[in-house]
Amino acid sequence: MKTKTLARTVLCTLALLVTGCTGRPGNQVSKVYRIGIVTPLTGEVQDLGKEMLAAAQLAVGEANAANPGMHFELIPRDDQGSAASAALVARSIVQDPSAIALIAAGTSAVAKGLIEAVKGSGIAVLTSTATASDLTGSGAPLFRVIPPNSAQAASLAMYAHKLGVRTAAIIFEQDDYSVDLKEAFKRSFTQQGGAIIGEAPFEPDETAFRSQLNQLANVKPGVILAAAQHVPVARILIRAREMGISQPILAGETAFTDKLLAALGKADPGQFFLTGSGMDLEHPSARVSSFLQAFEAKSGKRPGMYGCYTYDAVSLVTHLAAKSVGIDRQHLITALQELKGYDGVTGLIAFEAGGNVAREYTIYAVRDGGFQPLSAGAQGKSDKQ
Amino acid sequence: MDFIVYAVTAAAIMTVLLVGQQLLLFDTGIFSLGGAAFFACGAYLSAVLSKNAGYPSFAAMLIAALAVTGIALFVGVLWLRTLRSDFFALATLALSLATVVVLRTVGPGGLTGMAGVPSFGTIVPPDVVPAPVQTMLLCLAVAILSIIAVQALRGQRIGAIAAAVRVDENVAATLGFRPLLVKLQIFLFSSFLAALAGAMQAHLLGVVEPRMASIDMIVLLLVGTILSGGKRAWGCAFGAMVVVLVPEVLQRVFVARAEPQWRAFLACQAAYGGVIIVMIFCGPWLQRFTGVRLRRA
Amino acid sequence: MFYEAIINGLIVGAIYAVVALGYSLVYSVLGFVNFAHGDLLAVGVYLCLFLSTGGLGLPLLIAIPVAVGITGLLAAGIGRLLLIPAAQKSSLAALLVAIGVSVILQSALAAVFTSEALPFHGGGFLGTTVSAWLPMKWLHVATLAGGVGSLALLWAFFFHRSALGLEIRASASNPRAAQILGLRREQVFTVVFLISGVFAALAGIAVGLDDQLIVPTLGFSLGLRAFVASVIGGIRSLGGAVAGGFLLGITENLVAAAVLQVPKLAPYAGAFSKDAIAMVVLALVLTWRPRGVFDRSLETRP
Amino acid sequence: MLEIKGLCKRFGAVGAVVDVSLELLAGRVYGLVGPNGSGKTTVLNLISGFYQPDCGQILLRNGGCLRRIDRLPVAARARLGLGRMFQEPRGIAQFTAMENVLLCTLPTGSDNLLAGGLRPFALGQKRDRVARLLSSGGLTSSANCRSADLSYGERRILDYLCLIALGSHLVLLDEPFAGADPSTRQTLTAMIRDQVRRGDTTVLLVSHDIPAVMEIADELILMDGGRIIMQGLPVTVTQSEEYKEAYLR
């Protein structure tokens, strides 16, 4: 009896909700341009997802303000940090004819599942986060506004060289992004005559990092690369310093978020360097500073790198759509391929054959609770071998 | 529209899974948290068979389900005899979590899992009936079949004996019935259904990943089973609809929107736990655990 | 290398031991596995965070006891309202309810605070390393001493001197004795939950101060491993639980260290992660000796 | 019918059953008596297979030959014709009386999906046999009540009916008369007598209720401290010195 009533109530509410969410105004589809963004809004890396969603919303808002008569709309979807969910929501997005582009703003692993899912739907996939080298060349029209790992790995290796160290050890998470970054760093670092003398993998559920860091400390490397998402990086920093490991620690761009600073809290990261895109946060250009102000006004904090890249990805799409009215998926793809150069906040965007963007990197350090640019790193050429 | 089709398909698959769990928990009194493990194994096996070994997806599903039943046989023989009901639950929980680790470490695609699993084949050309609809009808058919099968099983001797075993193993034994054999058979059957459901899921989504056996899946499965109630097999259709639709709806209502509402979303997730508790205290099926005032066979 | 591994093992083991005691206590008295026990850890540490750096800004010396107290009361409340009634129906019902409670606690923590990682600095003296030859923070010394000490105290005075403690032990050694307790039964059960909650909170805070970065799910996997520890020791023997805790802690660290020595195994490191080891050990113990290594209880009547 | 040789069972330090040897002849009723904790129920549990003996043998005559059963599982012993009635009524609570009896008439292998398990659980041509059994216990009127709703006495009778339906030829009864009203007691006694008279059924019953045992048993077996003190005619046993001191201590 109870069950029956319960069943009824639940089903009614569900019915209402579903219709409520799926029903959309069909009359103005022609004038509306929708941009799907698939990003982790729940799960391990959700804080990045939230930041990127905020950035995307900012971009769309500005585009609508700038182009009266056109209406841009986001289709935000949660990939829950899972390739399967990403594939699922991506499929539902490409079903919508008014969706002209898809922003894959999740980890490399998730992006793979997403690209597989929308292959053949003829929609342009832009990614502002997925840096795994093997992503491009999968056949899908993929455009990265963020350079592949090889680029940031190169500049990290370069900087390690500059620090005058010849030996490095790597502690890395067992996921696509981290493993790829590790391999790329290995290549560049050994090319420059350095030697990798220690590697310690760890699982996503690791929180202590004692055995791994013990292992690395015993081989006495000149520098340690922490290839991981930002929370593990923070954990590693804290643990390493408290264990008296004083070597400089390097990290990839994914750590460039105030979430890392928040996680570090009062803990002193010591010598800690990470890559950031070429955007000069010290003396920002008018465009950059206006973006920074707008973003801080919107979400009350400075954007992380992924926020910036996502902002660029979305505003690039709106920019191209605004240039040629009535654009569809196919035209957008060609427009992206022929793109001469778009001045984004993270720098000039133009896609190479593989759909990669060439980009200049800057090395940042964490000093008194903020990121400080040190030196313009080398030209991050995406060397593929 | 496509959402409806997807939802129905997913619910049908979940039904196949839940029917087995219901039979296991409510009719035989075996509390297993290993359903997720068999679900994931079925999915992975079927994915590998069809993608790498090139079997047609239907064959792959069947082979996968049967193979996983083999694993279940091992587990059952190992633990059904020695372990008390709640310890069996925890042992199977360990099995599920271990499955996650194994798939993550040695499974194809590692942490990510494997994308690009071929979808269901089509029986009639897709221009007549669109492929998703065909898939939906197929899954519905399987779901209905399993419901009928389980409902029928209850009326048979094995069903009555299973009830006896659940209520009092010792008495059942003194009546000459082999409790271990009975439990094992039901366990195998439910594992087969779980693996089959996993395989169908894999071909529906086109992606398999280790988290298919994660704790979230386990809890979802538990909620579904408990919502299905112990009385009729079609209760599982209801349970399945809830566990498929509610997360989807929560996503759309609270998360996938301009200003995601985290508090509300998480509060709704807490409701899962609430459902379990309420059902245990108020649901008519608590009696099945205590063994008094039970359904007539 | 292995010296460090053993030290780390002791550090983790102390935590496991304290948490495992909670599982054993509840199981041996009420006869069910308190799945929500692990999440009380998280509650404790988040409360402590809120009281100290995260919110009210009280000094840790005040925040910790208050948080521990509140968690204990919460545990007692949950036990009295939900778990005890369920346990009196059947161990399965109780286990299910406990799972429900655990789900609620986790989501609630995430909703009230956030599901993102929050910093939690013990700071000061506790954070400093003892010495080169003893690679351990003073915090760990405190944890070890506190853990072992409080267990000993609980053992010597509460369980063996006080009437309540004796009753608990009575009902632990023989569940039927619980029925004899009559009216005081509920009371005894509630106190059991209180104790387990207090210990969970202590362990949680120790972990939080050690990692300095906390997430709402931190209780779950740790709690699961602690449960495994209690099973190793024989979940119905309190002493066994403690022994099992140290055993598991040292094992997982030794294995991790050993695996790192062999570069070939690197891609399979996942198979040797803490959780994997715990799960395998659990499976093995349940298969080989379901009643645990240290438990010598008798056959049950048919 | 049943032979026990040097049976012993220890629980930790306590020797619950110490070197018990015993032979039960077909067609007789044996009463197993003794003070509390003298190991009576343990012996029953050893015979029916809930406990594994530490030493000794249990042999059951099945058809012509003696067969060693002390390593067999409970169900196997039951299929060899060993029936067991528990101290408190243990009929399947949510089955009707009829279903309970029907359950016991199922052929061997009904618990196997491949053999017979998939046949319907229905009366079929067993209808009148079940009816006869029920009426012999006076349960015809309440055949369709769930056994949970039956009276205590009725449930006891139902349990015994199940043993008859199973066709066990060695029946172990644990306190069959405990808490049973006089009428139930009469019916049970009558049924037991009747069954023993009709065929080669042997009954071993444990009871504190000495008068009732005296009334029905052909022989008494006196246990104390896990040992068999003496065995003999009810009168001789109850008047012996050993009997008095066993109960006085």
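Every chain is named by a letter (A, B, C and D) in the order it is written, and numbering of its residues begins at 1.
Please note the rule applied: a residue touches a chain if its C-beta (ideal position, glycine included) is under 8 Å from a C-beta of that chain, and two chains touch if they have at least 3 such contacts.
Values in this document were obtained by computation on a predicted structure and should not be read as measured data.
S.K.: By CA centroids, point me to the most central chain in this structure.
M.R.: Ranked by how close its C-alpha centre lies to the overall one, first comes B.
S.K.: What is the chain whose Cα centroid lies farthest from the Cα centroid of subunit B?
M.R.: D
S.K.: State, to the nearest whole Å, the distance from the C-alpha centre of subunit A to the C-alpha centre of subunit C.
M.R.: Centre-to-centre distance between subunit A and subunit C: 37 Å.
S.K.: Suppose each chain is reduced to the average of its Cα coordinates; what separation in Å results between subunit A and subunit D?
M.R.: That gives a centre separation of 74 Å.
S.K.: Starting from the mean Cα coordinates of subunit B and subunit C, work out the distance between those two points in Å.
M.R.: Spacing between the chain centres: roughly 31 Å.
S.K.: Could you tell me which residues belong to subunit D and also touch two or more other chains?
M.R.: Where subunit D meets two or more other chains at a single residue, that happens at 50, 86.
S.K.: Any chance you could list the residues of subunit B touching two or more other chains?
M.R.: As it turns out, subunit B has residues touching two or more other chains at 101, 104-105, 170.
S.K.: Name the residues of subunit A that each touch 2 or more other chains.
M.R.: If we look for residues of subunit A contacting two or more partner chains, we find 42, 174, 203.
S.K.: In their shared complex, at which residues does subunit A touch subunit C?
M.R.: So the residues of subunit A in touch with subunit C come to 42, 46-47, 174, 199-203, 205-208, 210-212, 214-215, 218, 231, 234-235, 238, 242-244, 259, 262-267.
S.K.: For a test of understanding, state which residues of subunit C touch subunit B in their complex under the given definition.
M.R.: Against subunit B, the touching part of subunit C is residues 32-33, 82, 85-86, 89-93, 95-97, 99-105, 107-108, 110-111, 114-115, 220, 224, 227-228, 231, 267-271, 273, 275-276, 279-280, 282-283, 286-287, 290, 302.
S.K.: How about subunit C: which of its residues touch subunit A in the complex?
M.R.: Residues in contact with subunit A: 1, 4-5, 8, 12, 115-119, 121, 123, 127, 129, 135, 137, 210-213, 218, 221, 253, 256-257, 260-261, 263, 266-267, 269-270, 273-275.
S.K.: Where on subunit B does subunit A make contact in their complex?
M.R.: My answer: residues 2-4, 6-7, 101, 104-105, 110-113, 115-116, 205-209, 211-212, 229, 235, 238, 241-242, 245-246, 249, 251-253, 255-258, 260, 265, 282-284.
S.K.: Which residues of subunit A touch subunit B in the complex?
M.R.: Within the complex, subunit A touches subunit B at residues 2-3, 7, 10-11, 14, 17-18, 20-22, 41-42, 50, 53, 57, 74-78, 82-84, 87-89, 92, 95, 109-110, 112-113, 116-117, 174-176, 203-204.
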